[in-house]
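Note that the chains are named A, B, C and D in the order they appear, and that numbering of residues resets to 1 at the start of each chain.
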Amino acid sequence: MKTMTYGEAIREGMRMKMQEDPNVYILGEDVGAFGGCFGVTAGLFDEFGPDRVRDTPISEGVIIGCAVGSSATGLRPIAELMFIDFLTVGMDQLVNQAAKMRYMFGGKINVPMVVRLPGGAGVQAAAQHSQSLEAWLTHVPGLKVVFPSTPQDALGLMLSAVEDDNPVMYVEHKALYALKGEVNDIKPIPLGVGDIKREGNDLTIIATGKMVHEALAAAETLAKEGYDVEVLDPRTLFPLDKDLIRQSVEKTHKVLIATEETKRGGYGGEISAIISEEMFDSLDAPIVRIGALDTPIPFSPMLESYVIPNAKDIVHAVKENF
Amino acid sequence: MKVKNNVIINMYLRMKRIREFETKAMNLFAEGSIPGFVHLYLGEEAVATGVCANLDDKDYITSTHRGHGHIIAKGGSLNEMMAELFGKEAGYCKGKGGSMHIADATKGILGANGIVGAGHNIAVGAGLSAQYQKSGQVCVCFFGDASTNQGTFHEALNLASIWKLPIVFVCENNLYGISMSQTRHQAIKDIADRGVAYNVPGVAVDGNDVFAVYEAADEAIKRARDGQGPTLIECKTYRHRGHFEGDAGAYKPKEEQEFWMQKDPLPRIEKYMIDNKVVTPEELEKLKAQVMGEIDEAIKFANESPYPELASAVQDIYSDIVEEGRVR
Amino acid sequence: MKTMTYGEAIREGMRMKMQEDPNVYILGEDVGAFGGCFGVTAGLFDEFGPDRVRDTPISEGVIIGCAVGSSATGLRPIAELMFIDFLTVGMDQLVNQAAKMRYMFGGKINVPMVVRLPGGAGVQAAAQHSQSLEAWLTHVPGLKVVFPSTPQDALGLMLSAVEDDNPVMYVEHKALYALKGEVNDIKPIPLGVGDIKREGNDLTIIATGKMVHEALAAAETLAKEGYDVEVLDPRTLFPLDKDLIRQSVEKTHKVLIATEETKRGGYGGEISAIISEEMFDSLDAPIVRIGALDTPIPFSPMLESYVIPNAKDIVHAVKENF
Amino acid sequence: MKVKNNVIINMYLRMKRIREFETKAMNLFAEGSIPGFVHLYLGEEAVATGVCANLDDKDYITSTHRGHGHIIAKGGSLNEMMAELFGKEAGYCKGKGGSMHIADATKGILGANGIVGAGHNIAVGAGLSAQYQKSGQVCVCFFGDASTNQGTFHEALNLASIWKLPIVFVCENNLYGISMSQTRHQAIKDIADRGVAYNVPGVAVDGNDVFAVYEAADEAIKRARDGQGPTLIECKTYRHRGHFEGDAGAYKPKEEQEFWMQKDPLPRIEKYMIDNKVVTPEELEKLKAQVMGEIDEAIKFANESPYPELASAVQDIYSDIVEEGRVR
């Protein structure tokens, strides 16, 4: 058993795969000797050298494009975007190339690549450096999307992501990098397998990323008031572990979905829609969603923390609705 | 530069294949046998051919929406291409791709592409693979004049240059991006000059002279294999048709068209071969007949292939997941 | 009363606003003398000249960026992307600039601009020219999103879109351009006001764009079998006419949502989630969604029509579920 | 070129304001009064100042993540800027923007920008507005060396050139994009050379010499107002600090730092003013004191402003719609 931070676990996952497979390499802005904007790749440059930990110019399009082209020709790139917000700059290479190549070419080319996408708010980075854009990616057939909430999951999902023969979007929450946790299993966590982070009987909270921790905190508070809350972390947004969701909903009959993304048009809506389409008869109450307010993320600390959701909002919503 | 006779004949065969394949595709589209969008390579045959004659199967190319010529020049199968244009199961992509998305991993063809400028970036990745794996491969990136205004061009050339990747960037300057003439879409005359911005050598050649293209490509490819990094080759050429079938090309002045028809690469290489006794007139006729036979065979192949099963629509998205279909 | 095609109605809307306001101009690839890839701007170049109908190089980033910059400084641009699929190339200028400028700058700059986005499948244009990406846009606070289904709506929504002081994403369906319809009102249709395209009592079908017509056809078939179907066209995806949806759901108690987009992560999910969050007690049955299969759009005609949804699929789903 | 004394004094005041504003911001960030990311302009004062001294209030500028200097040089309010850095209600953006998103429509400041390269495109739009409305305005686009590898640079220069827009592209080559030195992020020495690709004149100047910058900008701005289109000016300069506060800048060699500290633009202009009797030493001290007073006042202003009301978070997204808040 080992204690690691979330950031260290991501790094350890990359390191293990790089040691195993010489075709795995990292590219991105300042990922080399500088160690990345959030320090996640620190030390890897020294260990693996400049060919395998490659600094790039500020050109997100060609960063992702290079990952696509090299992955279609035998390498296994891990591309880092400094912030998920910069997806907007390199989106074509992901959406129209990486995601569709295999299909358009009749299944004859594989595109095994990982894109690391630090997202989320909470560090006063303002509107262009705080978004949670994972919902866009779930809407693109051909991509897989993971979003770990703990060091253990970060490590296990990284191992699986690099092993996967398809483009895997690895969403990270920048406010979790320093979070410490126990890492007991040094093995891949299969994509598409969710995790019950807390068992409970009265209500299911489905939460992603940092909101898993807010949900757990809310569950503690609510326990004191007699609500027995289950916290379900899908870990992979696509493929989604619908079986686990169904089991939980059939037990609790009530669902709250908590994600940090802008509520409107978010993946929380997709999860809600799946539940009301496929598990309607198990439901005893409206499906409630908690998300960021439908605003850009403001800079000023109090405004920012008002816009993004937290444990209190979950507690409040549970009391109001269930 | 002295080019061997067998190389010349080989180039002629490829150019002729492109010419006839495209002519048939034009007619089949008009008749309704080919759905979707079709962008023909007629008039530009010397470019892809002159470049690809220097490549092995294991070398890579990236292509564009106007991809048929590149694929034929790189040795792609006419049968599988034609079947793909028809949307048939035996097509290169099992009918899923169509004209704009033909690829052949066994020939290093990394795909035609419907996104203008996307190939620039994919080529960088392929070039990196070759360098990383020390395989001696090169990647040729084909693209149009108008695509050089896309940000991808800039990012790709910059990165390829600093990493000294084994890539040859081949611009097919056919004077237009759809209806926008080069004089309106950029304020420069020679796209080759854009190499300066990246410290990449730029050369402009007559793209309708297959020997000029061959020679420039030969040098650039050697340079690339030698670890000296990318070259930008601009081939001045002209598309005989509209942008896609259905576009009458009203924006192309008549004199311009006439000027360029004089420079049609096919009669040019034929004349060269006869004048220089590479082949006799009879041998030339035989080569032509051979190509016509191949094209007929491809159409037959395409016609005979069934349409894909509906169930195939939900396959091949992922290597491991088959999506849900629907009951109809 | 006048009969026009959908394409003509879009053009007429632009023309009227250009005649009214000299600051309205059009920019995009081949929108000038060529008249646009789908002929929608045909004739406008002759009428308004090269300063107001501006051909651009193939540079979607700067097309949208130029619209943003000129709109923030007093003009009212209408930018055309040739295909909505090319959003991926110019996304940053929309998402991180146009949508957020007003907010980031404390409400002190307006960004009145329209982006025309031809989307949808059905013309064998394959995976990179057939997408329905409007859901992405609804997830971006700061953008408004409209999606007309008829010539009348196309005209009225264009007038409002150009008048609006905010960035309005004007989604078009390319398979509708030739659709003819009566245009009775030459006046703006306010953003955020949906339309009942067919009244009914048994079931509400909420449909967007081309699916409105599939829903109407399905309703005719279903009428013969005794289902009295209401077809609701939101017309504006954001702001969404929740009141109209509520009225309809309170009447029919059953909802089917039909959109052409990839079902996973689509806006259909958002509408479903809103209904189950805010109108749960009015519901008598699961909310069913019909969308494209979760695949890239294939080229081959039969595969393509299998992947995208149609009236039969709606009929089938109604019979199965309600 | 003979620059008038009042212009020199004015430029000095702006440079000094930037220097002192940034020095305070550095300390206030270290103390925790300023949250988020702060990218300081220390060392680059001559660039924004030399350029903006040629502009009117109604001329436009676009800026970057390193925007404080541009805004001060363009005449922005120190009070409102400082309050914005603090996240206060009286800030330029009511606390919603912060350091990376300061704008002032009344001064033609179209915003600092957190997206590297975004300003290039916005500048094209502003330039088009000026041309379209025949207003005589110009737009200056400020950007860093590393941003010139972003596709936006390429697309913007190409479009600005073909449309002959009244734009001056000013590259602040401070030798680094975060930790990537220019020698590693591009294979060219002078970014000014990139003008060739667009038929845009490119000039490289000593960016730490405010007079050299002033002169180059003067010419380019005249050219722009005259309808002759854009110019690319590269100003060679250096950032004294790390990329943002918190980055120790370990990648900057010591000798390099020493070399550039010799060229610090502030002592240079002070020496010039004294040597050339633009001011007396006493007058210079007075100017300094004036600036210190302004900065102190700005901090006071920022401190005294309240934080914004929570309800304001859901306002200003649209001109007409106020979003739903939440009950807490």
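Quick note on the criterion: a residue touches a chain if its C-beta (ideal position, glycine included) is under 8 Å from a C-beta of that chain, and two chains touch if they have at least 3 such contacts.
These numbers were taken from a predicted model, which means no experiment stands behind them.
Considering every other chain in turn, the ones in contact with both chain C and chain D prove to be A, B.
Farthest from chain D, judged by the mean position of CA atoms in each chain, is B.
Between the Cα centres of chain A and chain D there is a gap of 36 Å. For the pair chain A and chain C, the distance between C-alpha centroids works out to 30 Å.
For the pair chain B and chain D, the distance between mean C-alpha positions equals 45 Å. Residues of chain C in contact with two or more other chains: 57, 59, 61, 85-86, 88-89, 92, 96, 103-104, 126-128, 141-142, 294-296, 298. With touch defined as above, residues shared between interfaces to two or more other chains in chain D number as follows: 93, 95-97, 101, 113-115, 149-152, 155, 158-159, 162, 184-186, 317, 323. In terms of which chains touch, the assembly is arranged so that all chains touch all other chains. Remark: chain B residues 35-37, 87-88, 93, 95-98, 100-101, 113-117, 146-147, 149-151, 177-180, 184-186, 251, 307-308, 310, 312-314, 317, 323-328 touch chain C in the complex. Looking at the complex, you find that chain B touches chain D at residues 149-155, 158-159, 161-162, 184-188, 193-194, 196-200. The touching residues of chain A, when paired with chain D in their complex, are 29-30, 32-34, 37, 55, 57-59, 61, 85-86, 88-89, 123-129, 293-296, 298-303, 306-307, 309, 312-313, 316. Within the complex, the chain C residues that touch chain A are 85-89, 91-92, 94-96, 99-100, 103-104, 126-128, 133, 135-136, 138-142, 238, 261-262, 264-270, 272-278, 280-281, 283, 285-289, 294-296, 298. Listing the residues of chain D that touch chain C in their complex gives 60, 62, 91-97, 101, 103-105, 110-111, 113-115, 118, 120-130, 132-133, 151-152, 155-156, 158-159, 162, 315-321, 323.
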